[in-house]
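Here subunit A shows up in two complexes: once beside subunit B, once beside subunit C.
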Partner chain A sequence: MIEFTNETLANGVGVIRPVGRLNMVSAPHLGANIDALISDGTVRLVVDLAGTDFIDSSGLGALITGLKKTRQAGGDLRLANPTAQITAVLEMTNLNRVLQPVASVDGAY
Partner chain B sequence: MTPRQLTPRGLTLRELTIRLIVLATAILGLNYIIWRWMVSINWDAWWIAVPLVLAETYSLLDSLLFGVTMWRYRQRDTAPPPPAGLTVDVFITTYNEPLDLVMGTARAARNIEYPHRTWILDDGNRAELRAIAEAEGIGWITRSEDWANRPRHAKAGNLNNALLATDGEFMLILDADQMPDPKILDHTLGYFNDRKMALVQTPQVFVNVPPNDPLGSQAPLFYGPIQQGKDGWNAAFFCGSNAIIRREALMQLGVMRYVSETELALNKALKTADKVVAKARRQLGPGQERLAAALNTVAADLQQVRRELSEGQAIADVTYRFQERVDAVARNLVAEDFAALHAELNSIEGLSRTIDVDGSLAVVDDVALERLSQRDWSPLGAVETVRVLIDSVNAEKAGEAQAVMPLATISVTEDMATCMRLHSLGWESAYHHEKLADGLAPEDLDSMLTQRLRWAQGTMQVMFRENPLLQKGLSVAQRLMYLATMWSYLSGFAAVAYIAAPVIYLVLGILPVQSLSNEFFLRLIPFLVINQILFMVVGRGVKTWRGQQYSLALFPTWIKSVTSAFGNVFLGRDLDFRVTPKTLQERNRLPWHLVRPQLIAMAVLILAAVAGVIRLLLGQGDVLGSSVNFVWIAFDLLIFSVVIEAVRYPGYDAWLDSNKTKEVSR
Partner chain C sequence: MLGRNVVQSGPEAWGLPQDRLSRRARAVAGLEIVGTPPEERFDRITRMARLMFRAPIATITIFDGDTAWFKSADGFDGRQAPLSPVFCSTTADTGERLIVENAAEDRRFRNLPGVTGKAHVRFYAGEPLVDTHGEVVGSFCIYDDRPRAFRPDELELFQELAAWAQAELIERTDLARAKEVQEALLPGRTPHMPGYELAATCTPSFNVGGDYYDWARTDYGTALGVADVMGKGSAAAIMGATVRAALRTASELTERDRDGRYRLDKVMSGLARIVTGDLLRTNIFVTVFLAHLDESTGRVDFADAGHGFCLVVAPDGGFRRISGTDLPLGIEPRGSWSQGSFTLAPSETMLIFSDGLFDLFGGADDSLRHIALLATEHPDPNDLVDTIAGLATAATSVDDVTAIVVRRQP
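Coming up: the complex of A and B.
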């Protein structure tokens, strides 16, 4: 139901690509992926949402938890390529003011 | 109408004659087929003997069902003039027909004399058509937004959509190529003075067909004796176009189907509910305790649904309260998520320095919370099977554009299924035998074959999905009337046996009957003769031969309709795997490839005849047996010869032109 294809770019930025639905069942997987990258020392992260069809409140929670953990580790977490439903949810909750999505992974940092 | 001479029992002489011939056909037919089964089968050659006797039994049953149809043959008197002030909508259904054609029909419809409103139901959603139609005061309807990304159900969907957009008490349904007569409503609405009358069907007759009707477009036996016979049993069929329907009957049908389908879906959902929830809980991994707890609540709520239903509470109330409880569960989950989320945000050091975290962020407003709790975005949706379960315990039909679908959507031919459902609710139908529309038939073999395949597939879908023999509310005779039409579409299999048997005899000398004794002929020939007499008396001069030819000659189409509908209904396969290639190149030469199976059959029959002659010359063949089979082959070839005419038919305009040239050259 959800898969992650992650990579680390040349500039040291970690890219997480959740493919599928980011919901109550899969949100813990996103958390685990973020934790793994941080413990490897990659603290500047981009979550590339191009393949994420859907997000619910638990998914949002996982993103914010990720933001907190990267900040604590001295890095940051940014969003790229949100799909229409995700943009709608971010706007409705005003979370786009915290996590302002960018149009591409390259433009994230 | 000619004055009717009545016999003492109230039958006209003609009706009495027909009944006597029907009785004679049945007796002589049974006399033959019982003897065939009991005495005559050559069991040594069972592999051809049994298929042949099955084919013959099929044909006899076909003939008996025809007899039952004719038993109640009736010619209706003219309908009384309709009362003034009925409200009528005239629907012209179109998808991609040329605008001129649609507008021609629409103008004729507008000119119908009885007051009415005319609507073009444009499934092609063409802005151009809308502009022309509205400029001429003709209504234009296309699918509402509800249909986006939902099953469209072809013509049935188009009509169902229009039913909700209009409000006339009656509706006249016309295909885009059926140009109505101004009197069509005046001559038919009077039947609805009978409060139980739901539907009046008038004939479909085509004006672009030469007298010899090479494509078998006209159906004079069906739009005539057969419909009149079905009418006698209160089973006149709805044929999709040129019919007037009472809205109340259709809506009642739609609502009742909705109720029974809802009950069915609910019972099914509740039956599997426990398993689904238990399985979902088992599949949750560590860290999913919240979801597991939510599922527990849902499971308890489902129990409550069962309890309330068994107490006899209304489905709508029970399911509504269930949905409310589920929504509350979802809202709690979302609220918890947001509480956690805000705790996180507030604890991120430095966040307030980079962006402005003020009151507006700290409190997610109720609108957002509500929206994120709704079913499509709800966290409960994380478990797909549970989401499906929750949706199915719901009186809305989320998968469909409209909860109420008055016209049946179980088949590609909506008419037969809808009509059968109306009859099973106790409504009546009438067949009015007067041409009240000028139709256009397909003019090329390819389109004709596609159309016949669709009709046959649709009929088979209904047979498999809602078999008339199993429907509640139909009389025995009504069941037989529906069965009769379905049965006639099974002729393809019999045709194969009728081709194979003479070939096998002439080539191999194997006879599927024990002997061609006098008894065989004495039992068979009277039946064949009386059967043809029945057709002659019933048809009274109408040309039934084309129909007889096509019922065997299109055997590949009929067989394909049965196998593809079976695959569709029982194996979930697609009905249409056929792409219509219409390149110019192919139009330039005759489409022989469309009738390849028939051409092969003809070649095999001719070769078999040659083999038979050779065997006779060598002294191996039996003269009597061979002669019978030669006649049989000649008959088969005569039947199949229709496809050659059909392939060579250039279309109506070209036919007219060539006839003009002939006259001039004379």
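Coming up: the complex of A and C.
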């Protein structure tokens, strides 16, 4: 249903690419991916949403939780390439105020 | 109903003290399972038991007074049997596991009809099933027509299957009760609103969910609220009940402005003060939309904590989205929430709903147009919420679906 391809950029930023739907079933997997990176010491994260077809409130919850955890660890979590549906949902919940999309994965930090 | 079986059963025939019988009768009644139709989650267990043990019959039996009632019986036709002439009565009586390796050679059982008759039962294994209070309410049974003995690994497997059956039995009761309580926490009778019609629905995706709505009459109109706790199921339901109580408290305690009007921005901030600590600690956020309708003028004051799903739909299908720019509760330790207002014109319909409905229609910008169209096609609020609840059930939505609909009469 959902797959994650993760990589670490030369500048130490961790990139998570969820491919598929981010809903109640898959959101915990996103959370686990974020937790794993943080515990490895990678606290500056980008979630690349180019391949994420759909997000619901559980998916948003996982992103918000990830944001809080990275900030507590001295880092941050930023979004790149949100699809139209994700942008719409972020705007409706006003969560674009805290999860502001960046222009590109490379330029996220 | 509870006492009937007890009185007729003649407990002395089983040698059971009366108080123990009535305790069991109460426990079985509490399960609310006797008479319910077969369910796959139980039938799967008996089917697996038959396959694994290569035995002709496996049952999940409930002790309903003097009757053995089968929640699931694989390899056996019938839903119930008198309890006394079957093996289960011994399990019911002692509350302990019973394994009979060869009934034909066991003095206690060799004359049972099941042993002497066509069924030709030789082997029986019965594990008591207990409820959350430890009361024996039934048994998990395997029958074979040949004498046999359980190897230690088979005994272990048998106990595992029995534990599974017991867990299903208990979970059903617990969740069914939770569902009743959650439904009872929704407001009851629809208030009479002169010049307006009001209806609402709340359909959880599981037994219980994280959505709720609430309303209250005020001295100059009606207050409405919809909240959507992130996540689903029991965890969301616990937080939903917390938010509901906090919102009622905040509404009571918040001072009105000098004209006597409610200040929903202050109510929202009050709610945030009460629940934010809990939300941050549990990593849960909640979106809330509050509205107050002044019935004499159609003026609606509102406050929106990241909810964003309020539509005003005109009879011609035109619609506008009402929303604020404030965050949901539980995102940041502190925040502020503002109040806006608009007028609900005659023949217009206001819908406040949760993202479950939004997702049912694809979860993108286009969904709002579909929802507005649905409201145009079903101008009667009761009809509209019934349609929405029907969609939520038919689509087996993965999210809770909630909607409050207010229509101003022409």
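Simple rule for what comes next: the second predicted complex is superposed on the first by the 109 of 109 C-alpha atoms of A that agree within 3 Å, B and C clash if a C-alpha of one lies under 4 Å from a C-alpha of the other, contacts with A are read in each partner's own complex, and residues count from 1 in each chain.
Here is the rule we go by: a residue touches a chain if its C-beta (ideal position, glycine included) is under 8 Å from a C-beta of that chain, and two chains touch if they have at least 3 such contacts.
Source: prediction; values computed, not measured.
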item: Fit or clash - subunit C, subunit B, common subunit A; value: clash
item: Touched partner set for A:71, first subunit B, second subunit C, both or neither; value: first
item: Which superposed partner A:105 touches (first subunit B, second subunit C, both, neither); value: neither
item: Partner chain in contact with A:26 - subunit B first, subunit C second, else both or neither; value: first
item: Touching partner for A:90 - first (subunit B), second (subunit C), both, neither; value: neither
item: Touched partner set for A:34, first subunit B, second subunit C, both or neither; value: neither
item: When the two complexes are fitted on chain A, the stretch of subunit B hitting subunit C, from 290-298, 416-424, 488-496 or 614-622; value: 290-298
item: Common interface positions of subunit A, toward subunit B and toward subunit C; value: 23-25, 54, 56-58, 60-61, 64-65, 68, 85, 89, 92-95, 97-98
item: Contacting residues of subunit B [partner subunit A, same complex]; value: 284-285, 287-288, 290-291, 333-334, 337-338, 340-341, 344-345, 347-351, 355-357, 360-361, 364, 367-368, 371-372, 377-384
item: Contacting residues of subunit A [partner subunit B, same complex]; value: 1, 21, 23-26, 28, 54, 56-58, 60-61, 64-65, 67-68, 71-72, 85, 89, 92-95, 97-98
item: Residues of subunit A touching subunit C in the complex; value: 23-25, 54-58, 60-61, 64-65, 68, 84-85, 88-89, 91-95, 97-98
item: Touch list for subunit C against partner subunit A, complex; value: 228, 230-232, 283-285, 287, 306-309, 323-328, 331-332, 355, 358-359, 362-365, 398-399
